[in-house]
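Okay, handing you the structure first.
Per-chain residue numbering starts at 1, and chain names A, B, C and D are given in the order in which the chains are listed.
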């Protein structure tokens, strides 16, 4: 990306965030709380050294899912199936980790690889829907999430359930197979996601693969005319996207929850936060990554603000949506300001 | 358990909010704005309908207040995605987040409860009985004992279809969605049509929300839309922004859901039966696409 | 310990829709009030935030940290040993090997559900009962399976409609889906239905209006007043009472590490078995003779004459 | 009161640092056909969009019939009797002809469109000016020439007294062009004023009464057509004289492209391309002539691999490439200048550098082990921009802001630079100014001299005559004739293209 491109993409971001914070402050003030205090708690809650690990722990899946959404988006493909891919990844990682015998490091590796491959394949399959059946990936990826969720939830609720607990969840991952803890809630899984993220950002910027993907995103007809093969390219992009989502699922299961639990991967809304980050960055993986981390800080800060000030969490959700809304409209806002 | 007048009636009733939301989204789609805020619009509508009904003691006023407030809420999408050049998907998703937060917050502020507000003071919408046809099997089951909003929703499907394809404003609206710059070049200002259409989607989703809270259960519960907005989004994708086709997709989905309950009662695990409507939808889509591709197998690789 | 350190309640899910979590928060507040310390409520949304909140509460040096739900079974044994000065109270479940600073209180929901099932069979005119749950998970079977067992206990020939689960995107807060699913059960001929689905229950209650004579059983709290003429009785879970009591014991140093609360100690009860049934708004008030029979069953369970199986243990 | 229908006085318009119109004064007399000429990027389209209210000038004013008028939106321009046919049509393709025509001011009965009346009005307007179109046809199914008629109908329906046509003949074949000119004459007889933007001097001499020439955003010449010569016009446009190039060479090499029995099926009974066979040798140029819609596009798509439903066989340099994907054909030595530069030939939101890199990015000079050498890419872009004289701010500029002709140069530059065995050039000079035409033509001939085989599709007969060794005429999907250039003249080609069997 050129310097000018960077400025254009970043233009208005501080302005938009400020507007969001101002409006949020009004709402906080209206509910009889001190906005300044609330923001202070939010900032320390997200960024103070003790809390930074919480932010990092939350940023891992959000940034991962942002990347998973950004890569196909760069090629003009919208992957709405993150939830299904996440669940497939988490579930298969849990099953391998729990049931496959062998040296721990090998089992962990196998669990992660299995998660990536299965989720990647499931994601890539949507491309055939588009090229063979003319069902856009946007729709098929969204709809295919449901059978994936159904199958894994069924398996976790019945044949593979840990019968010593009252929830629908698999057996716990054996201690030595888990990803090791670096600090508090942060495991080596975060490092893994970070490494993959950096690789993806570099690949998008500096390789022929990234170049071809970008050109496809800007004009698919041009890409086809130039000899870039539509189907394999889409399959590659969707496979990578699904594999990253699968990796995120595996990292959560092996490094944080230590089980596959029905609902636990989806309810935090990592997929949607990630998608928003990717859309805000127009598919640019680096910006998507940064936006994902920003969202994670915002959300972690929101939890902290609720803890410290007892401002209900719904208010921090409202605040977050203001900031995202203004970020989405930043170009219009800036244009109006400076023609 | 088999289909009877109660389950058929409940299915029709369950389809109504999805249908109205799909109608709203298909209109937005026609002017080229992807409305993914349906979930939030409906949720706010459901809440404001309860507020209105509780404080005025009139279900009608409740519905009216729901529509008005959702229209105001929808101005975020209407102006955000046009004048302020925001991405409609991001705006839509954050509106959903906003509506969830706002309704939960207002629930505490207004009713001093959290979770759900259920009170005999909430005046619900009456189910209309149509004498005569009520006892005819199937037709009577479908057509009778529904709220006015349900009848209205099906009239609206017809009205919106007629409006889009027969009136001058409908033509302009479609044109704006096909190619905004072409519309602009003959002096039709795309922004105006987009803004008014999106705002109108607030009327429809407000109705949808009111039907959910006042027409179905007579209470408000946090996040009670529970994904209905997304189902409407899928229906509109299936119906390719055509109000009638989208309505059919809603019916297919609703019937599949009703069937999935029956399958559950016959021993299909609930985790699996939950996916039935989506799988049916996907298969229906694949089947129609397959037929279409067969018909024009001969086409250039460049679509 | 410092006098002003708070009692912190950490929820497993957003508190909003969940009566059970609301009671947890209320109970914690009341316990704090009694001790004269502040109470704080930390809302979580998933295992990651549960862990965050738990650690934050421990770091803040809370007197007692109260948590609710099975969801903490894995996390508590991990975190509690890191903060030996803090005391943790888990309500609704016990870790299989609780660390020394963890106390817990589980409930025997199934006993009370069993009586509710008996009540359903005794009041049913159709001779058919049904069960509705948010999700098909063992924890909810404690209500639904025991309910069926209770019905069969008093009327071995009673018909039972197939269980229906609400499911969908939001099983615990989708009243409309509850209404639709309840319609299926009622139109199948069942006229007594237990519904364990938090905020979705409202829809089940609403559905009774289309079926004269039909009634539902609520859970956790007395739901009769929110839906007049729809609710027969409630399987009440006195989470707030349990918390107050356990906090008191812990402070006094008399607490056992794990207890199970049930009928005997009023940790669980039916609305009809409490005082003031007439004012409860519940339909069961019209059946004093049935209430008498229920009291008998309760006594039999407490004395061990009737043994109710824990459906979760059967899985 | 003046005799001018439209006067644009001292118009200045800038895009960022780029001055598109620099003090332009442009006067059009009532009832005349006024030609506006100039090099690519001279600012013609910019001036026209100011007259149609799409853009506002930074300074300067517009007078209509002597009245100062602020043309703030297209609606104002329309209300003042100005109509415009854009270089890129502004049509709603999924809609019918009548819907397109009445769009925005529909005949109504209480809000409901009076379709019958609309169809009637469209038909009668069409009859009046010889613009025959089926009002019920869908625009997406119409050939370009007919689409243009729809655009003209749109303007007439709105009561346009002045009709602006921006490069209307660029997309037309000779017959269609003659048809258009008949319509324009008809309109002038009816008292309307016509502004015609074009690069084609013979057309200008043929139909216009007065000419304004622009260069670098300024007016560089105003003349009365009857007193003007082609050379005068050209030197006002380019500041130099332009010679027309022509073919001299004769000796060919090996067969490069061998096409046998290519057939492309259609939905109906008649195939779109019907058993076309030919051979093209190294150093040879074959021109393909035909009225648009007679299978040329489909034939080219079959050869370049953009169409999968073609049967028959295609050999490139002895290798069978039938059914092979585009990539393999390109690797085997095919390059291709497509007909539509904006939709197919470029990614308009991407920079010139990215657009020029396409196809080179996998070559060893530009990437190693999948890593792109961005220095090489930059150097490559700079060199091509300089060599082909593309008027562009920098190689990082998105090509979407380029004028039509400059965008074409980007595509031509990229494809010619690939130096492959076979170059397929489809309308390579569409919308390009005379100077650039000369340049592109001489480059094509140079490539041919260096032994490349060139397959040229053009709607411009003069272009075919100037470049081809042989001309293949297509009619209804069949190659009805292959004739040597020496034996061909306009009359013969015209009758072949019209389906009259060759003598």
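A few points about this structure:
Keep this in mind: a contact is a pair of C-beta atoms (placed from the backbone, for glycine too) under 8 Å apart; a residue touches a chain by one contact, two chains touch by 3 or more.
By chain, with names taken from UniProt: A, B = Inner-membrane translocator; D = ABC transporter related.
Remember, it's a predicted structure, so these values are computed and weren't measured experimentally.
Each of A-B and B-D has its own count of C-beta contacts, and the greater count is at A-B.
Mean C-alpha position of subunit A (Inner-membrane translocator) lies 28 Å from that of subunit B (Inner-membrane translocator). Look at where the CA atoms of subunit C average out and do the same for subunit D (ABC transporter related): the two points lie 75 Å apart.
Centre-to-centre, using mean CA coordinates, subunit A (Inner-membrane translocator) is 46 Å away from subunit D (ABC transporter related). Among all residues of subunit D (ABC transporter related), those that touch two or more other chains are 306, 344. Counting only residues that touch two or more partner chains, subunit C has 14, 135-136.
Of all residues in subunit A (Inner-membrane translocator), those touching 2 or more other chains are 157, 221, 224-225, 262, 312, listed in ascending order. Taken as a graph of touching chains, this assembly fits none of the simple shapes: it is neither a line, a ring, a star nor a complete graph. Pairs of chains meeting the touch criterion are A-B, A-C, A-D, B-C, B-D. Remark: subunit A (Inner-membrane translocator) residues 2, 4, 206-209, 211-212, 214-215, 218-219, 221-229 touch subunit D (ABC transporter related) in the complex.
If you check the complex, the residues on subunit D (ABC transporter related) that touch subunit B (Inner-membrane translocator) are 52, 54, 73-75, 78-79, 84, 86, 90-95, 99, 103-104, 106, 108, 111-113, 154, 158, 265-267, 298, 301, 305-309, 344. Residues 14-19, 22, 135-136, 161-165, 167-170, 173-181, 183-184, 186-188, 198-200, 202-203, 206-207, 210-211, 226-228 of subunit C are the ones that touch subunit B (Inner-membrane translocator) when the two sit in their complex. Residues 1, 4, 6-7, 9-11, 13-14, 17, 104, 114-116, 118-120, 212, 216-219, 221-224, 226-228, 230, 257-258, 261-262, 264-267, 269-271, 273-274 of subunit B (Inner-membrane translocator) touch subunit C in their complex. Against subunit A (Inner-membrane translocator), in their complex, subunit C makes its touches with residues 14, 40-43, 45-49, 51-53, 55-57, 59, 70-71, 73-74, 93, 96, 135-139, 142, 312, 315.
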